[in-house]
Amino acid sequence: MLRACDPRVSAIRADFPILAQSTSRGKRLVYLDSAATSQKPLAVIEALDTYYREYNANIHRGVYEIAARATEAYENARALVARFVNGAPNELVFTRNATEAINLVAYAWGSANVHAGDAILLTEMEHHSNLVPWQLLAQRAGAMLRFIPVDDAGSLVLDDLDRLLDGCKLLSIAHVGNTLGTIAPLEIIIPRARAAGALVVVDGAQAAPHLPVDVVALDCDFYAFSAHKMLGPTGVGALYGRRAILEAMPPFLSGGDMIRTVEYRHTTFNEPPWKFEAGTGNIAGAIGFGAAIEYLQGTGMAWLREHEKRITRYALERLAPLERLGLKVYGPRDPERTGGVLSFNLADVHAHDVASILDTDGVCIRAGHHCTMPLMERMGWEATARASFYLYNDDDDVDALVASLEKAARIFKL
Amino acid sequence: MLRACDPRVSAIRADFPILAQSTSRGKRLVYLDSAATSQKPLAVIEALDTYYREYNANIHRGVYEIAARATEAYENARALVARFVNGAPNELVFTRNATEAINLVAYAWGSANVHAGDAILLTEMEHHSNLVPWQLLAQRAGAMLRFIPVDDAGSLVLDDLDRLLDGCKLLSIAHVGNTLGTIAPLEIIIPRARAAGALVVVDGAQAAPHLPVDVVALDCDFYAFSAHKMLGPTGVGALYGRRAILEAMPPFLSGGDMIRTVEYRHTTFNEPPWKFEAGTGNIAGAIGFGAAIEYLQGTGMAWLREHEKRITRYALERLAPLERLGLKVYGPRDPERTGGVLSFNLADVHAHDVASILDTDGVCIRAGHHCTMPLMERMGWEATARASFYLYNDDDDVDALVASLEKAARIFKL
Amino acid sequence: MDDFYRDYILEHYRNPHHFGHLEAPTVTAEDLNPLCGDRIRMDLLVDRNGTVQDVRFSGKGCAISQASASMLTDSVVGMKLEDVAKLSKDAVLENVGIGISPTRMKCAMLGLRVLKSAAIGSLAAWPDEE
Amino acid sequence: MDDFYRDYILEHYRNPHHFGHLEAPTVTAEDLNPLCGDRIRMDLLVDRNGTVQDVRFSGKGCAISQASASMLTDSVVGMKLEDVAKLSKDAVLENVGIGISPTRMKCAMLGLRVLKSAAIGSLAAWPDEE
């Protein structure tokens, strides 16, 4: 068994105050739900704290000292986030979350460019946030949806890709699926989508936290992600958009800060990215997002990815013996092809019951449809339990998961 | 001169860590820009801190302990914010800010209900956030905009109100104007708007922080406001909506959490308010918003309003002698009819130069068009300087403002 | 919560009582818990006096929702519809015993919600959860 | 910042040089700083050798933007257009001296931006502000 005790992980764990908490039953907190939201290092918590204690002020128009400091910190965070995915600062729009980033594209680009009879291509594994906005756009525009299928192992089936792309105005696809952790082969899909003339939107909510991301190498037009899943605060996300497309795109939300000149009946707009940020933004949140990016860069995304592969491999090995009790692990089950996510079911025990029993041991996992109801239906699963890993998880966490699953099996007399 | 030294204010000031800071030139921070964003009390900063250190988790679907605690805190905050304006919790949608709240109405209600030839009524004093979304809606729908005029003193002129309301689908109006502080006589305007069959949207961004607000007594359909202007964190705001209207209204942003069932080609939606909250919300922000509301309630909105009236009166008295140097104070200049905001210009000194000189004394004011360009144009002002007060401002702050204005007058040889 | 999963709960989960459909129900109601996807349908056969003569439930979901529904069906036969409509959450909690965490309360109450919906002939509001 | 407002700055603000419009400018450019609303227009008269023969500016705004623009006009007459197009922010900073806070830098550079726009005949990118 590849059990490891990486001193780097212990050092990382010490940076996350919540991991030193215990539950009301006195159990060590075993946090295995980072795909839902990640925990936050002290550096991020303190960035927020310092902002509010020392230089909280509205940005962009303030003449005074703390306003200048806040503006600089906000725009510096933008540059950090942009560079993290290899975009330029003026290609990076702050949003509330990945969901809003996708909605922004669906409303602003979609309403201007998708018309009756056009097709929109998605995959069968999308999160509701990368499905419902396109359903609503399709409805508004009279367009139709198509789906790249997944096979029973949760991998995308590309056999019909060119036919599916024919007549497509846009492709929107998760970089990493959140239920099975499937990494989409974007290096194959995107060139073909571009050859077919489709706009390419990537839902990077589960990828940006876990993989090195390079929007230039990917050659996508938009890339959406959320701070809260990558060590940052809640309430802030990002949309990378190719400069020329952002420039041509009409605004979405409107109001203060995104304008150039306003008359009672006519308005001209600011340049991107500000054109797409209406009203007072999540200033503290953006600054905290910047601190999260710095923390991730300090750790190194390459190390992080290796760590997650290793821990996934360890978990798969440790879980294997439970198969005789009826444990089924879904998805590709190959750490090279997944993003630190394991979905499973334990015999006839419902995933919610599994999660409730694990909770009594301090083990936090997610159970249900993971905002991918259509995928669940397609796979014939009512619900799954999902454990997801991040840089602060160690082998003890996996051991606690396994022990608690064994307990669930005992309770349910498996 | 009504100089006062309220021990209550000293106690309040001690709750705001930033007010104990000094500037890089060693000056006491004199924060007179709360209309742009307010400072935050320790209780709010600590609510955020505690969330991230102790129970950060994604909400609504989590089975484990910290997820339950986070969900409860988030929904408890919703109830606090809703009750603060006398709404019900299920009538309160969390947004990023007042701007997004207004956009939500313009997109979701507007797109479904405003058609070619319809009129939308605004006033001449609106913030860009309560103007541009309606311009864009009018453009999409082929509707037209009308404006309730302001007179030269910055008061609304209601002589033509019924004619203006004729054929109006909706009225959207600031409760308190941000440039001149004018309090709109909603008790006169709203009944007439409702009699004319118009939906009533109130932009409460400058009112909710400063006045007791009661959406039932106002009889409005929507009320929009921002946490960051009322002691809360950045990145969260609220839209109160009348229950029946929220229920009938189509969704706006879509994705995770706002759905009931999703199939590949069809979705049914959750109930309000969740139907209008897509993706992971600003969980920490909402909890901090709740803490801000509790702080305001502890202080008492009636006391707060009296305090602001008193300090405005004191400021008006202290500023009067500067009129011989060319100081002009704009707007109603009547503390009973304004919301703690003073706009002014000093002779031929541009507002930005005034603000820069004041900055060197640690005095933070705003200068420019205050996101009301059309109002500035209507009034014939290029820019104004604006000082705005809140519960933590004291007479020393006013004295510092006056002293620094005198210095500006000396520098500019007035 | 682990004390919740006692033998009789598991027994109801694995061998639910009154499971299935009625051939000619007087009323039927169905609902889902959107948070977890649990679904329950209840068929009632009611005589002209408004007394429940027979009941069947069907559904999918966790042990909590399925066992609570199963146990409810045992107590509903012979009850007046108006009393069914007035059933409180205590009726469920007495059945399932203590130890349900707040996050799972909606699961426990799903059967009750559907049963009351059936009883009042239309979808009722969520039972009060205080 | 208060040291910035020296006498010669106020002098340029209140009595700007080359203020007004040219009757028949060879090129004209205009721009505004969307952050504060300051506006500047520059008219240039250029001879066939590309040398600036005359200049006028007009606009509204703060002492920083108006005085910087006024001072710039003094140095531009007699310059080659290509040199105008290459003017750096130092050309402005040398004129106005030290003490401009970062928040006001865009005001100071507005005249330069417009002048360079005029010189290259189309709106230029913001001058580098590092």
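Points to keep in mind about this one:
Each chain carries a letter (A, B, C and D) given by its place in the written order, and its residues are counted from 1.
In this text, a contact is a pair of C-beta atoms (placed from the backbone, for glycine too) under 8 Å apart; a residue touches a chain by one contact, two chains touch by 3 or more.
Computed from a predicted structure; not experimentally measured.
Distances between chain centres, each the mean of the C-alpha atoms, put D farthest from subunit A. Judged by contacting C-beta pairs, the busier of the interfaces B-C and B-D is B-D. Averaging Cα coordinates per chain places subunit B and subunit C 47 Å apart.
Averaging C-alpha coordinates per chain places the centre of subunit A 37 Å away from that of subunit C.
Measuring from the averaged C-alpha position of subunit C to that of subunit D gives a distance of 78 Å. Multi-chain contact residues of subunit C (touching two or more other chains): 35-36, 101, 103-104. The multi-chain contact residues of subunit B, meaning those touching 2 or more other chains, are 61-65, 67, 259, 261, 352, 356, 359, 367-368, 373.
By the touch criterion given at the top, residues 1-2, 4-5, 10, 14, 35-38, 60-64, 101, 103-104, 107 of subunit C touch subunit A in their complex. Residues 32, 34-36, 101-104 of subunit D touch subunit A in their complex. Against subunit C, in their complex, subunit B makes its touches with residues 60-65, 67-68, 71-72, 259-261, 270. Residues 17-18, 21, 23-24, 29, 33, 36-37, 39-40, 44-45, 48-49, 52-58, 61-67, 96-100, 102-103, 107, 124, 127-133, 135-136, 145, 147, 226, 228, 233-237, 251, 253-259, 261-267, 278-285, 352, 355-356, 358-359, 363-368, 371, 373-374, 377 of subunit A are the ones touching subunit B in the complex.
Of all residues in subunit B, only 348-353, 356-357, 359-360, 367-369, 373, 376, 382-383, 407, 411-413 touch subunit D in the complex they form.
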